[in-house]
Each structure stands twice: as C-alpha cells, then as structure tokens.
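In the two complexes that follow, subunit A is the common piece, with subunit B as its partner first and subunit C second.
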Partner chain A sequence: MTSLLEDLRERFPEQVRASAEPVSGQVTISLNGPDATAVVKHLMTEYAARLASVFGEDRVAAEGVFYNYYVFDRPGDASWVIVKAPIPADQPSFPSLAAELPAVNWQEREIQDWFGVEAAGHPNPRRVALHDNWPDVHPLRKDFALGTVLPPFEGERHVYRPTLGEGVFRIPVGPVHAGIIEPGHFNFAVAGEPILYLQLRMFYTHKATEKLFESMPIPRAVFLAESISGDSAFSHATAFCAAIERAAEIEVPARARYARTILLELERIANHIADIGAIATDVGFGIANAHAGRVREMLLGLHETLTGSRSLRGMARVGGVRRDWQPLQIARIAPTIDAVEREFRDLVALIQSSDSTRDRLEHTGVLRPEKAKTLGVVGVAGRASGVDLDVRRDHPYAAYAKLEFRVPVYQAGDVRHRMQVRIDEVGESLRIVRAATAALPGGAHRAPAQPIPPGRCALGAVEGWRGEILHWVRTGEDNRLERCKVKDPSINNWPAIVEAVEGNIIADFPVINKSFNLSYSGTDR
Partner chain B sequence: MMARLIEALAQLALLVALAPLVTGVIRTLKARLQTRRGPGILQPYRNLRKLFGKGMVIPETASWIFGATPWVVFVSTVLAGLMIPMVAAEAPLGLFGGALAVIYLLGLGRFFLALGGLDSGSSFGGLGSSREMTISALAEPAMMLAIFTVAIGAGSTGMTEIAGAAIGQTWRFLAPAQMFAFAALALVLIAETGRIPVDNPATHLELTMIHEAMILEYSGPYLALLEWAASVKQLVLMTLLINCFWPVGLQPTWFNFGALSGIGWLVTKLLLLACAIVLIETTNAKMRLFRVPELLAVAFTLGALALVSTFLF
Partner chain C sequence: MFHILQKTFSVGVATADYPRVPARVAEEFRGRPEFDFAAWRDARPAAAACPTGAIEIHDRDGARRVTVDYGRCIFCGECAEAAAGGAVRMTREFELAASDRRELVLTADYDLHPDGSHAGLRGTTRLSGAVDTAERAGAAIRKLLGRSLAIRQVDAGSCNGCEQEIGALNNPIHDIERFGIHFVASPRHADMLLVTGPVTRNMELALRKTYAAAPEPKIVVAVGACGISGGIFGTNYASLGGVDAVIPVDVYVPGCPPRPQALLHGILLALGRLRQSQ
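Take a look at the complex of A and B:
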C-alpha cells in the first residue's frame, strides 16, 4: 500500500502531495493541482488499475476548492485507490480524460452539470444530467439551496446527431414507454430494420438524491439509499452503510455480516430470475415468464418472512441489520431455497429446450470484450463480455471472505450469455445462501449506535445483482453528511447498449435492452 | 330472394358475434397453459363495449384516410366473411365472387390498415406498415396457391362449389395435395392473424410489433372497429381453413334442419383449431423478424407442391 504511494511520489514529485485520511481498505492520494491525467495513466498502465468512478465535490466554503475524485480498483488488491485532485474555485476547470477513456464520458459531464466545473477538452461537452432546457444552475454546489424553485424551463431542446441518407429514418422511442418501464429516450437511426446507431438520453427521473443526502441525519439517509433503485434496495442501502461504517470505523458483528450476505444474495436470486423470465417474454416465450414469476414469488415470500418487506426494505442499518431473526424465520430459509432450486432447474430446462428461444438469443446484441473493457462495463453485462469483476470476490465485504463461490465469466457477450451469467449466478447464490444460513453465528445483530465522527471520507462497495454499486461519503457535523456520491452500475453500462445494438435489427432492441436491464432511477438519481 | 337475405343476415350475425368469442377463448386457453387465470372468455366483448363508449384522440397530422381506415377494414373483412361457407356450403354472397374476391377483400383491408398506420405520422405506424406489407407480399401468393389447389379439385374458384365438392368426402384431407395445401394455409393463418411465431399479439413493446404497431395511434370507437375487424378476420381465416379441408358437418344449404348441427360442428372445429393455435403459441418463441420471410417461403413452397401434386395423384 505504501509502496504504491511511494512509487507515485517518486515518479510525480511535483503533483503527488501525500496520502490523506488513512482509512482501512482504501488508499487516498492527494494531488497538488487539477491535472490528474499523468497519475491516472500511470495507475492504469503500471498497475492495470480500472477507473471505477469519477465524481466531484464542492469544498469551496471549507477549503476554497472543488475536488475531483478518481476511484480505482486494482486486480489482486482488495483496497480501493482514490486519487483526489483539487480544482481552484476561481478557475473551475480540469483536463478531461474522456477522449482516451470513454468510460468517464458521462461522469465528467455530470461534474460539469452539477458543479459548474469544466471538463476541458471533453469531446462532447454537452449537458447530460441537467437537460438542455434547464437554466444555468449547478445544483450540487453548496450555495444552491435544496428547496430552490426554478423558473419554468425554457431554452433549446436537445439536438440529436442528424439522421441523413437515402432510406435512413429516425425512430424516437420514449421517454414515456408502454408497459411498466421507467422513462428514458432512445433515438434510433435505422436503414429499414437494421439499426445504424442509437442515441440515449437519460436523467428524466432525476430526484436530487445526492443533494438530499446532505439534508438528513444518517439513520434516515439509509432509507433514502434504499430508494435509489427500488430493485436493488438492500444492495444500495448496504453499500451506503458500508461507507459509513468504514468512515466511522464501526465493527459490524459477525451475525449481521452473515445476515447481510443472505439478504444480498436473496435479492440477487429474485432479480435474476425475474430477468430470465423477462428476457423470455421479450422473445414471445411467455410460458417461461409465467414460471419465473411463480419461482420469484416464492422468494418474495421469504423476503417478507425475513424482513417484513417483499423488496427487502427497512432492514439495512448502520452497524448491522435492523432486526434479529427468530429460529422460526431462519428455519424457513433452507426449505424455500431447496424448492426454488428445484423449480429453477425446471425453468432453465424449459428455456434451454426451446430452440426458437435459443435462436433469438444467440448472436443477438453482441458486446465485444474489448468494447466492454473500454467502456468500463461492470456486473452481469461485463461478465458476459469477458470483464472478470466481482466486488464480492475482489473487495470482500459482509461475510463473502468466508464463503466459497464461483464467478461465471463468458466471452461471447450476446443476449444468451448475459442470460447464462444470470443462470449460473443464481446457482452460486443459492449455494451461498445455504452455506451462510448453516454458518449463521450467534451474538449481536448490530453494533451499538454511536455518533459518527465528522470529516471522514470513505467508500462503500457492494456487488448488487446488476453490478458494482459504490457509495462515497464525507461525514459532517451532527450525524449528517457533507456529501454522498452514489454510483449505480447502470451509469457504466448504458453506453454499452449503444454498442451492443449496432447492426442488429430494431425488432431485437427490446430483448437486448432487457438482457442488460439497467436502472433508470439508479442512473438518474 | 328473401331466403338469400336471411341467410346473409344470419351469417353476418354469426360472424360479428362469434369473432370476439374466438379471440377470448384463445386468450383464456393461453393464460391457462401459462398457469394464469386469464380475464375470461367474454373479455373481448367488454373491451369492445368500453372502447365504443370512449372518446378519440386523432393525430393532428392525420388526413381522411385515418378516419376511413377502420370502416374500410371492418366492412371489407365482414364482406369477405360473407363470401365463405360457414355453416352451410352455400356462401351468402357467393354470387358476387369466389376465392379471389375473398383474398382481395382481405387485401383491401390490409392496404388501408397500412395506409392508416402511415397516415398517423408516428414512426411506429410506419414501421408496422412496412413490416405488414413485407409479410403479406409473401403470405398472399402462398394463400392463393393453397386455395387454387382445392379449387382445382372442385373445378371452380367459387367458395360454394369448393365447399360443396368437399361435402361427404370426409377423408379427402388425407390426400397429399390437400395436406400440403392445408399446411400452407395454416402457416398463412398464423402470419395473417399476427400470432406467434410471426407476431406477438400480447406484447407492449412497440419496436417488435407488426399489426399492433399499425393501430397504435387509434383509440376509442375506431380502435374498437379495428380490433373487432381483426377478430373477424381471424374467424374468417380459421373458418376457411376448416371448411375447405375438413368439411365435416357442413350442410349443403342454410335452410334445412341441420343448420343447428352445422353451427355446432363449426364451433367444435373452431375450438379444436384454437387449441392447436394456443399450443403453437405457447411452445414457440417469436421468430426473429428476418426469419419470418423464410417461414412464409415454406408456406409458398408447400402451396406450390400442393398445386403440382393435384396433377400427380
């Protein structure tokens, strides 16, 4: 750990200042100026580090600067590396990395929109989070009050890349869709049926979540974290709690760590099964979805038994879990898991026996491994395209260090393999739940409540069922937060859909989209 | 003259009244096979009543074609239905045209449906229209070849003669030509009624739709007419299939005491065909759009084989 810092200091004596705030499981490297390019490149080439997230923070009132944070993950090392670059308030600009690292394209533009800090040299510096018709405001700046009422939106509409050429048409889809789907705009250019290119527009469900985090006491903020993306309620809440626990150095009791593991895996199983059914529906194989719905219902019943909520809400808590389980509740886990496993095996057999389904899924929506790597794709979509990442294995949290599981990785990157990753993971998760239930230790289910010290920065990471969820917090006075950055895996993966659909026919878009199944709410926050 | 009129009215009533029921039965059977309860076989009637009671939203860009389409589609489909034998071999409007008239009346409806889809100015409508035209350009010849096969046997393209010639020959459908033609027409039925594996009538995904995409901008009474017409078309094609190839229980004329048993047989045969459709829909996924032409090429080949084999056997 120190070797990394020493190496960087030796190599960039002008730029690297010191390691700040030693917090377990993460290395923070402070820079002297806004230009992080050289350090970022060095980390990526010499240490094969992956840039997981880029985000900003307004510390103008306290320290007279904005900060940019670059979060890295190194293969074979469980600690996160966070590079912190100050940006002077009177010259709010930093050199953009997006031209060389497409993965940070949206995230750098978010910094521009939220903080008014310019990403100089960005190849496409237009707005992404705040839509074009917003006035010139920067909502995550501290001088922007939460309750601010803005005048009715005026100004220009978003201009899409023109659709030109003989027989080339534009098909705008959304933001409001048929069915129970969140809002997002898809702008297709098609030549007949084949898709030439797709332009995405998100952030229709922006709810100022990161700003809201700054307005409430930490125990209440746990509930806010649960509602970032409703299908990952427990994963997001756990990532948030993990960040707070790391910041305040709270030791989570073993029983709580196992309980968290069980709930996280149950969330994964239920969502994967729902996705498998939904992929089948999108190719018109409704019977598989009917069975998937039935199996998922068995799990949702178990969720309710264990937490009182079918979507696992109200169970997360800083320092552990909110309620302890009675022996009767625990006794329900094993039989349900056995039944789910039996039924799930039948469901998989049903889908695999359908040649017509297989024909629709194979070679559809191919995301090539090199593209996936360039775009920083994570989670299920990444593992289907050769990106071998899993926070559970790479940065163990909860009880994962003590449990055995396999991380399925495929190279094909088509819809069928995104489904296969889910199928494999359900099998692994069932094993994890079984093992964790058998090994569930006694003792306290939570650490005693304690005030959270101010001024601590920490990262919490959880492998949600969709992929890597990151929460970064800076604690404040009175048990509150100065800043909470939320990174849902969807924000990495949306641009991958653009790559995956190219050359496919437009009638296959829904199933390709479904095989990624990204969260709009988690993206937009 | 009077008798003809009553015949026509009776078949008209049967056609428009029975069609939503067939749709309802198929949906309910499908739901049961998917372990769902389903909304009940009468739901299509309730839908129609609801839609007829609603207001309409008409796109600003639409011309008169948009408003004319539901009427043209409904009337042409019902007229086609009056030209085929349902309960009796004698088709009420058989004097006005035979098999070709039926095919082209359905074609007229489809033509206007595609125009209506384009006229709405929505990109989905255009998408649906282009897909529908691609598919029907292949489905229509296959259907013609299949019907010509049975027409050759009867020596006439008049539907009355075709059905009349088949009466009494219960096992005729085992002849190779008949089997090929039946298979061709069955594939056309699936394509023309927008069922899996060609189109998915239950989807909400605009980008995958064919028939539903064309009528996406329609609402209220217009939508009711179009949905009703779609049910009638389905009934017409199903009746055509069962009465041409398996005329068991078909009466020579409407006016004899067998009319009731004729209706009974019709309903029984429709039910059997509905079961077959439901089984196909449940056990198959929807095809990739670009493979649909291959399926219809199979239908066309089967139709051509049928025609050739009438002369061979």
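Take a look at the complex of A and C:
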C-alpha cells in the first residue's frame, strides 16, 4: 500500500501531499489543490482502479476549505483508496471529470447542488438533486440550517430535451406511477412503439437524510440509516455501523459478525425472490409472482422471529447486533431455509418452463458490458453485464472472509440475465445462511457501548442485495457526526436504464425497469 | 401448463383468514409499547432513547406531563430497554389505526421531584377503544361501493419500507382482493388514497394533484410513522412532515412499516367510518 502512495508522490510531487492518518482497510491520499484529474486518471489506467463514488464536504468553518473525495477500489486489494482534494472557499470550483468519466455525471452535479461548488467544464451542469424551481440554496453547507423554511416554488419546472420529428411523440410518466412503487419522472420519446430516448428526473423523495445525520447522536442515526431505502434497511444500517466501527476501531465480536451475515443474506434472498416474481408479472406470468409472494412471506416470518420486524429493523447496532438469539430462534432458520429452497426450485422451474416468458425476457433491455463499465454500474445489474464486483468478496466484512460463495457474472446484459444473476445468488445465499448458522459462534453479540472519538473519517461498505452500498462518515463531538455520505447502488445504476431501454418497445419498459429495480429513496435520500 | 396446475393444486389455499382469525405473529414481533404510567418513575431515559421523539416531557411549575405519540413511534423497543422497572413493555398489538390523530397520543401528568424523577401520577388519557372492523366494514363496502373499493397508492416521499408491506397485501397470504378491494393505476379510478410519507417538498404538488384527481367521495389513509408525522425525518427544509400537512386524512395507520394486517385493519376501519359519515 505504501508503494501506491510512494508512486503517486514520485509521479505527482506538486500535487500529492501525504496520506492522512492510517485507518485499517482504507488509504487516504491528500492532494494540494482541487484538480484531481491527473491522479484519478493515473489510478484508473495504471492500477485498473474503479471510481466508486465522488462526494463533497463543507469544512469551511473548520479548515477554510471544501473537500472532494474520490473513492476507488482496485482488483486484488481489499483496501479502499480515497483521494481527498481541498477546494478553496473563496474559489469554490473544481475541474469536472464527467466528460471523460460518465460515471460521475450525477455525482459531480450533486456536489454543485449540495455545496455550491462548481464542477467546471461539466458537459451538463444543470441541477440534478435540487429541482430547478428550488431557490438558490446549498443544503449541505454548514451555514444552511436543517429546519430552513424555503419559499414556495416559483419559476419554470424542469425543461426536458425537446422531442422532434415526424411521428415522434413524448410520453411523460410520473412522478406518481401506476403501481405500488416509488415516485420519479420518466420522459420517453417514442417513434411508434420503439423508445428513441428516455430522460429521467429523480430526487422527488429527497428528505434531507444526509443533513439529518449531522443532527442526531450516533445510536439514533442507526435508525435513520434503516430508513434510507426500506427494502435494504439492514444493509444500509450495517454499512453505517461498519463506517463508525472502522472510525472508532471497534472490534465486532464473532457472533455478531455471523449474525449480520445471516441477516444480510436473508435480506438478499427475500428481495431477489420478490424481484423474480415481479419480473414474471411484468411479462404477464402472474402465477409465478403468486408463488414468489408466498415464499417471500415464509422468509419475512423468519425475519420477524430473528429481529422482531419483517423488515429486519431494530437489529443493527454499532459494535454488533442489538439483540442476541435464543436457541429456539436459531432453530427456526434451517427448516425455513430448507422449505424456501424447495419452493424456490419449483418457482424457477415454473418460470423456465414457460417459453412465452423466456421469449419476453431474452434480448430485452440489453446493457452491454462496455457501457456498464463506463457508467460504473454495480451490483446485480453490473454482474449481468460482465462487471465482476462484489463487496463481500472484494472487501470482506461481517463473516464473509470465512465463508465460501460464488459470484455469478454474465455478459449478455438482458432482463433474462439480470433475473439469472438473482436466481444464482439466491442459491448461494441459501448456502451462506446455512453455513453461517451452523458455524454461529457463542460469546457476546455486541461490543460494549463506547464513546466515538471525534475527527475520525472512515468508509463502511456492504454488498446490499441491489449492489454496493457505501457510507462515509466524519465523526464529531458528543457522539455525533460531522458528515455522513450515503451512496446507494441505485445512484450508479439509473443512467444505465436510459441505455438499456433504447430501441426497446415501450411495453417492455416496466420489465426492464423492474429487472434493475432501483431504489428511488436510496437515490434521492 | 400441467406443471402450473399441478403446483397450484399441491399448494392449496395459502390465504390467511385475518381478521376473522387473529393474525399469526412471531413471539418476537414488536408491536405497541405499553406504558405502566403509575410504575414509571422517570421518563427521561426512555425519552432520550427514542429515535423519533415519540416520547416527550414537558416540565412546568412542579408538574410533569409525559406524552407518548404512537403516530411517531417506529416500534424499535428502545424505550422498553431504557425504562427501569419494566414500566415500558413491548406488546404484540398492531391494530393501532385511528381516525382521529389525537387518539394516537397518550398523556400522563405527574408531580415533579427536585431530582428530576417523578411520582404521584395525577391522571392519564388513553387511546379510545378499538373499533370492530370486519363485520361492519364488510357491510359498508357492499352498501356503498358495490363490494368494490379501489385504492390508489401514493408514495409521497417514503423510504419504500411501507411500499413493501402494501405490496404484500396483493400476495396470496394477505390477498386483499378477497374483500373486494383492489389497487388501481389512476387516482381517477380510486375511492381511497393510501399515502405514505414524509411528504417531501418535491412531492407536495403531485400529492395535491392526485388528491384533486380522485372523485368524491374519497378517503385518505396515512400510512406509517412518516405518513402520520414525518417519522424520523420530521419536518425540515425538504420534508413537510405527515400527509395531513397537505391533504385531509381520514385514518392513520401507525407502524414502521405497518405489517399487512395492520394496513388491512386501517383500511377496513376507514370504510367503517365512511358509512358513519354518510
């Protein structure tokens, strides 16, 4: 790891200052100025590093600067590499990378919106997180109060790219959708049935989550982390706890690491089965969804037995898990998993026996591997398009280093393979739950509560069922946080839907969208 | 085709008979926290532990008023752990829906000690009695809406946790259609709006428009801690809080998220109320 730093210092002596204080599992490289372009490019070309996240922080009151952070991971190394670039408060601007790295398009614009720091040279510098009719505010600046009452909306709402040409129509959908799903706006341009292009408008459910993290004590913030994306309550809360634990150097007892593993995999299984059923529904094979819904209920019953909540809420805790399990609770895991496995096998066979279903799923909504890589797509959608990433394997946490599992990767990138990744992963997850339950160690289920030292920065990472979840924290005084950056995999993957739908008929949009199944709330926060 | 039928017959009827038969709920399920106000010597630890501010303390002139708001509660159990002497206990009750927001708030008045603890319970106000639902509401649906109630679900800013449970109403276990209730794609076809929150600044207009588009008579059910009060998000620069900050609400369904049976209870309660008011 020192070699990476030495290499960067040698190559960019003017720019690379030093590594910040060592924290296990992450390397922070401080730059001298706002221009991270050369270092970022070098990391990507020489180290095959992947830029996982870009975000900002307001340190103007404390240090007189804003910071941008560029989070990388690289093949074969479990440590995260974080490049930290200061931006002077009196000249709040940094050179944009979005023209060359489309993956950071939205994230750089978020920095503009939240902090009022300009991404100079951005190819599309319009607002992304704050809707156009918001006043000129930057909510994550420290001098902006959480409770600020903003004036009523005025001015023009978002202007979409014009839809031109003979026989070309625009179809606006949302934010209130037809099903029981979250709000967002899809603006289609169609020529007959095929989709020419899709424009997205998100952030309808923005509810100040990152700002709220700065307002509450850490134990309470765990519950806020559960409400970032309700379908990933335990994954997000665990990523948050992992960040705090890394910052405060808290050792999580083995029993808690295994318990976390079991719950994370149960969350994955329940959501994957629901998605498989929902994909079948969207091509008219509703009976499969009925079975999937039934099997999912078996799992939610187990969730409730293990955590008191069908959604796995109220279980995450810094330093371990909130509640210990009694033998009777543990005894419920294996029989439920066996029953789910039998039912799941039948469900998959049912779907695969239907030629008309397969016909609708194959070659539909193709996301090509090179596009997926360029856009920084992660998780299920990435693995269906050749992106071989899995935080569980690449940056082991909880008990994953001790457990064997396979990471399915396909190249086809269509709806069928996004479903296949889920099918394969359910099988792997069932095995993990079984193995982790059998190996569940005794001992404490949590580390003793301890005050969290201020001024520490750390990253927590979890492979949620949807993909890579990152939480980055800076701890503050009085057991509070100065900053919590939340990256849901959805923020990486939305732009990929735009690519995947092009040329498909509009009637296939629901199933394409469902095959990604991204979180609006996780995106909007 | 044969496989499909074979599977269907081998499974048989999966649907649970709630509310005719009580819901099957795990022993560990955390429902309504119960407060033994007379035994509760000090409300401060529980109030400090509550992540959403559902327990509030107001001290004035030697008196303490403690309020407990089930409309803010996320059923995490922190209060029960923090309160000494078993004064707060988690129960498995989940049928908490109320047609009056005030019914969700308990109040206890105490004498205040100089050391900050309290004693001498002066009195409490409690939830009004649960309204019987199934029989009455069944009649109400048949009478008013021709055995068919159409619901438009509106996510006005939720974390999608409530959507998971609302979606589960359509699975074969909970099967809401057995009551003649179904979800529709447009508010113009809806008798009821089932709204989750907190209502965000960016969803306010969409919620108002959706409400305006639903024909009269219409019922609004606010779902979950966030739909009732803003929950852990409260009100802030981006959140307006609960649904009733924007449109009138007929029934409130506590939970984080409310389990499907709790939603069903709230929906049936709302239908009973519609009959009363007509």
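FYI, the second predicted complex is superposed on the first by the 525 of 525 C-alpha atoms of A that agree within 3 Å, B and C clash if a C-alpha of one lies under 4 Å from a C-alpha of the other, contacts with A are read in each partner's own complex, and residues count from 1 in each chain.
Please note the rule applied: a residue touches a chain if its C-beta (ideal position, glycine included) is under 8 Å from a C-beta of that chain, and two chains touch if they have at least 3 such contacts.
Treat the numbers as computed from the prediction; the structure is a model and nothing was measured.
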Does subunit B (first) or subunit C (second) touch A:E304, or do both, or does neither? second
In the overlay, answer first, second, both or neither for which of subunit B and subunit C A:D359 touches. first
In the superposed arrangement, which partner chain does A:R170 touch: subunit B (first), subunit C (second), both, or neither? first
In the superposed arrangement, does A:P369 touch subunit B (first), subunit C (second), both or neither? neither
Which partner, subunit B or subunit C, touches more subunit A residues: C
After superposition on the shared chain, which partner residues are touched by A:A178: those of subunit B (first), subunit C (second), both, or neither? both
Using the superposition on chain A described above, determine whether A:P86 touches subunit B (first), subunit C (second), both, or neither. neither
Could you say whether A:G147 touches subunit B, subunit C, both of them, or neither, answering first, second, both or neither? second
Can A:D282 be said to touch subunit B (first), subunit C (second), both, or neither? first
Touching A:R294, do we find subunit B (first), subunit C (second), both, or neither? both
Intersection of subunit A interface sets (partners subunit B, subunit C): 178-179, 287, 290-291, 294
Touching residues of subunit B toward subunit A in the complex: what are they? 30, 33-36, 123-124, 126-127, 130, 196-197, 200, 202-208, 282-291
Per the touch rule, the subunit C residues reaching subunit A in their complex are 3-4, 7-8, 11, 14, 24-30, 49, 51-52, 74-77, 90, 153-168, 170-173, 183, 185-187, 198, 200-203, 205-206, 210, 226, 231-233, 235-239, 256-257, 259
Per the touch rule above, subunit A residues touching subunit B in the complex are 169-173, 177-179, 192-193, 280, 282-287, 289-291, 294, 354, 356-357, 359-360, 364, 505-510
Touch list for subunit A against partner subunit C, complex: 131, 137, 139, 144-150, 153, 175-176, 178-183, 203-209, 211-212, 216, 219-220, 223-224, 227-231, 233, 287, 290-291, 293-294, 296-297, 300-301, 304-311, 313-314, 329, 346, 349-350, 353, 519-521
